[in-house]
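Before I ask anything, here is the structure I am working with.
Lettered A, B and C in written order, each chain numbered from 1.
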Amino acid sequence: MKKLYVNKHAITKIQTILIITVIVIAAIAGGLIYYFMTQPTQQVAQKTSIKIGFSISLSGVGAAAGTEQYRAYEIWRKWINEQGGIYVEEYKRKLSVEFIYYDDASEPARAASLYEKLIVEDKVDLLLAPWGTFIHLAIVPVIEKYKIPVVGNTAGVDIEKINELNTKYMFFTWPEPKTSAFSLTLFLEELNVKSVAILYAQTDFTVLNAKWNKQYIEEKGFADVVIYEGYPLEVTDVSGILLKVKDKNPEAVVVHSYPADAILVTSQMKELKINPKVFILGVGGQLLAYKQRFDDQTKEGVIAINNWHPDFYPESKELYNKYILEYGYNPPSHTLGLGWLSCLVLQQAIEKAGTLNPEKIREKLATETFNTPFGEVKFENQVNIKSLVVFDQWQEGDLKPVFVTKGSYPNVEKATEYKLAQLIFPKPEW
Amino acid sequence: MEITNIFFIIFLSLQIGLIYGLIALGFNLLYSSTRIINITYGDFITLSGYITFWLYSLYNISPFLSLGISSFFLILFTLPFFYILEKFVLSSKNILYIEIWGVIITFGFSIFLQGTMSYLWSAQSRSYAYLDNVIDFFGVSFLLNKFLTTIVAALLIFLLYFLLFKTNIGIMLRGVIQDPELASNLGLNMRKIFLIAFIISSFIASISGVLLSMSFEINPFMGSIYLILAFVIAVVGGIGNPLGSLISGILFGFVDVIISYTIGPSLKFFIIYSLLLLILIYRPWGLMGRGVRYA
Amino acid sequence: MLEIRNISKHFGGIKALDNVTLSLNQNEIVGLIGPNGSGKTTLFNVICGLLKPDKGHIFFNGKEITNLSPEKISRLGISRTFQGTRLVEDLTVIENIIIATLPLTNSYDKAEELARTVINKLGIEKIGEVKVTALTHYERKIVELARTIACKPKVVLIDEIMAGLSEEEQQNIAEIMVWMKKEMNATIFWIEHIIRAMIKLVKVDRIIALESGKLIAEGKPEEVITNKNVIEAYLGITNV
């Protein structure tokens, strides 16, 4: 009886093997992940480097954009270290930049705890921003608590929301929705289109963009918004909406897209032979997958919203070329531009403050104006009021800038100091 | 509504529905015959998409050739995968044990595969342009690649129908799906049938991967989306019922497209998942009935 | 031919089989009786490998088969039917039989040929292409028997085949069983509650009685059914 009892409850041989296998696999996988995802930190007695920490989405929904953003950071780090680092007055020397970063799997809660870990355990000097609006928002309480400033990045948040946050340490660089929507309205006005169809993916950012876009067009009254419709992000087919667009035959189709749907909308527009004079895409139209998905002839004349261009300043071109050399071709996407912009602003803030003291750097960020190869940056109420909005057009397989505005809503104005390409208008038929 | 629009809607529904049905079928077949909930299934689709992408962008090999090449690689990859699962999981007689450990092990594989793919090729989304021109067909215009995708999916479905319903492998497979205990009592070589189920399932995953990569962008983590789709559609169609998966997939395609046309896509997921909930409340065994014996 | 030695099987605290020892000889029909829950079906499940015994050994033609998988045991020539019939509901009659002949032939054509011979023999060729869900209770029983016969077994385990059948149907099935013994030289081990069918129709060679997992009687049919223990077990009377 006793033996039976033992037999019934003891772990069988196969279970033992299984458990051991799982543990071994988990250990190996864990080790590998640790090895690849973290940079070993070296404790140095003398201050020779600045430790900058961040979490980034290398897996999960934000992995594609997060990877690009991470690479932009990495290119900046190499670029600045090649020049000997960042000069810090306090130490009377240049300090090289060292990264400590983790994959937050696109999860806001994980990102928040990783930032806390970076500050408390890894004792980083300063921070860079994570990917995505919602992750930016998730780390605000942490940086407020430890009082370390972060120059934000791919976070498109309305000014009201930013004010609600009541943050002093998060600085937003991406043109807020009102700004980009107003800029887009100016562009459409200049093109003198009379009817516009506005479509949007249902994400916070794109919904706001579309909403303001519609409102500003109606306020200015130069065109009718003939279609205004949203679709869920995970959509597999938008032809229902597009057939309505086809019926109205608007002169401009504006899609406030969010990566993947940019491809879907384009291919179904082509399929349904909808040929507006202007076709503008939000996020996604300037990404690598978009370039790869369509041949040059299809892309010709499609416009994507951006916020920089490597042709504007030699320094940005230098960073961009360095990127291509390291990681292969990538269109000059907004992710890259924002990544470098936030690194350069932080770098200049350190130089201006002459110290690594986060509080003093925050003060500089809040008060100074920064000249970067991605446009001027000046924060007011935590928001960049000088931000550029660039409209890039696909021309013979490359993104060319065709229209630029600067300043934030309501002070958005057309920028004339940049050399632009000739706009192809109307857009050639598919 | 114009007649061409109706034609277009039917075509579009079929295009989405057939692929979904296929994906669900592969998942269902494997689960109902071996009781392994293969979390890696979605990543097989991804892997196949990547193989197609690389072959096309590096060597200019047509995705239609990749149908064969990618299936070959995936089946090759399935063999050790099957061997490990057979050794540690399938050897048990306890269904609960197989289900739980099957999930744990394939989940591990899934993470491993996703990690490897994103390490090797980065998480950046990729895509390629192939046969992306518009053709006219009965007065309706289609993208050629979509059109061919639909035809390949339909052909594959006929092939699978023939395999499942007209061949001895099909008879054995359906026997094992419906009553594994009986099948083993009749002396069927269970190991062989399990292996066949694995191979068919991987074959379907690889074909779906190639077809999907022609229309949508690929990234290392996209497999999870298709896994969930496969799971939902298989459950709605009835676990263990291959025809159920196909029909539920096509139904899913129609509902998807028709809602987008009439009510508009913003409420699409709400309506689809509400329908799903209703189906599961009133027919928990799925639309077409469960083909599995729970002894 | 089939030897069962000291087999015990517990489910939780319940002894389903308690030290059962018995043997079947070549070409005999042995009835297995006992009240519900006496362990008859458990014994079948243990023999054909669906359950592993806690203790004891099973030998088939001198070879130990105790821990073999069901498929291997089946291929050695032990075939069974199930209580209340068990068919693959999605398949037709002929497919249900082909599924059993496939492991023997490894060729679809041969498997089908074999299956056709069997259904012809049993006179059910007319329903060959019918889905089994459309069959009557009696027809299902015949199909299950046909499937068992198609396996060309040396030992057949039959689990309650007569329940719910008319006199005439019972008579037909009895004839098939006698035919299996005579023409196929099969050994039949048969669980049945309808003892009349066992003794009058099939004329079994021996009867074995189980109660609460224990073997309580064994021998000539007349002896066993008049055995005091057996009657008490069936009537539910226990000696206090």
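Quick note on the criterion: a contact is a pair of C-beta atoms (placed from the backbone, for glycine too) under 8 Å apart; a residue touches a chain by one contact, two chains touch by 3 or more.
Treat the numbers as computed from the prediction; the structure is a model and nothing was measured.
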Next item on the list: State the chain with the largest centre-to-centre distance from chain C, centres being mean CA positions.
Entry: A
Checklist line | Innermost chain, taking as reference the mean of every protein Cα atom displayed | finding: B
Notebook entry, point to check: So, what's the distance in Å between the C-alpha centres of chain C and chain B?
Noted result: 41
Next item on the list: Indicate the whole-number Å distance between the mean C-alpha point of chain A and the mean C-alpha point of chain C.
Entry: 71
Margin query: Counting only Cα atoms for the centres, state how far chain A is from chain B in Å.
Written below: 33
Check: What positions in chain B touch 2 or more of the other chains?
Finding: none
Notebook entry, point to check: Which residues of chain B touch chain C in their complex?
Noted result: 167-168, 171-172, 174-175, 178-179, 181-190, 291
Note to self: For a test of understanding, state which residues of chain C touch chain B in their complex under the given definition.
What the structure shows: 48-50, 69-72, 74-75, 79-80, 82, 86, 88-91, 95, 98-100, 102-104, 108, 111, 147, 151
Checklist line | chain B partner contacts - residues on chain A that touch it in the complex | finding: 14, 17-18, 21-22, 25-26, 29, 32-33, 36, 58-61, 63-64, 66-68, 202, 229-232, 234-241, 243, 259-260, 263-264, 267, 270-273, 287-290, 292-295, 298, 327, 330, 430
Item checked: chain A partner contacts - residues on chain B that touch it in the complex -> 5, 8, 12, 16, 57, 88-89, 91-92, 101, 104-105, 108, 111-112, 114-115, 118-119, 122-129, 132, 134, 141-143, 146, 215-217, 219-221, 225, 256-257, 260-262, 264-266, 268-269
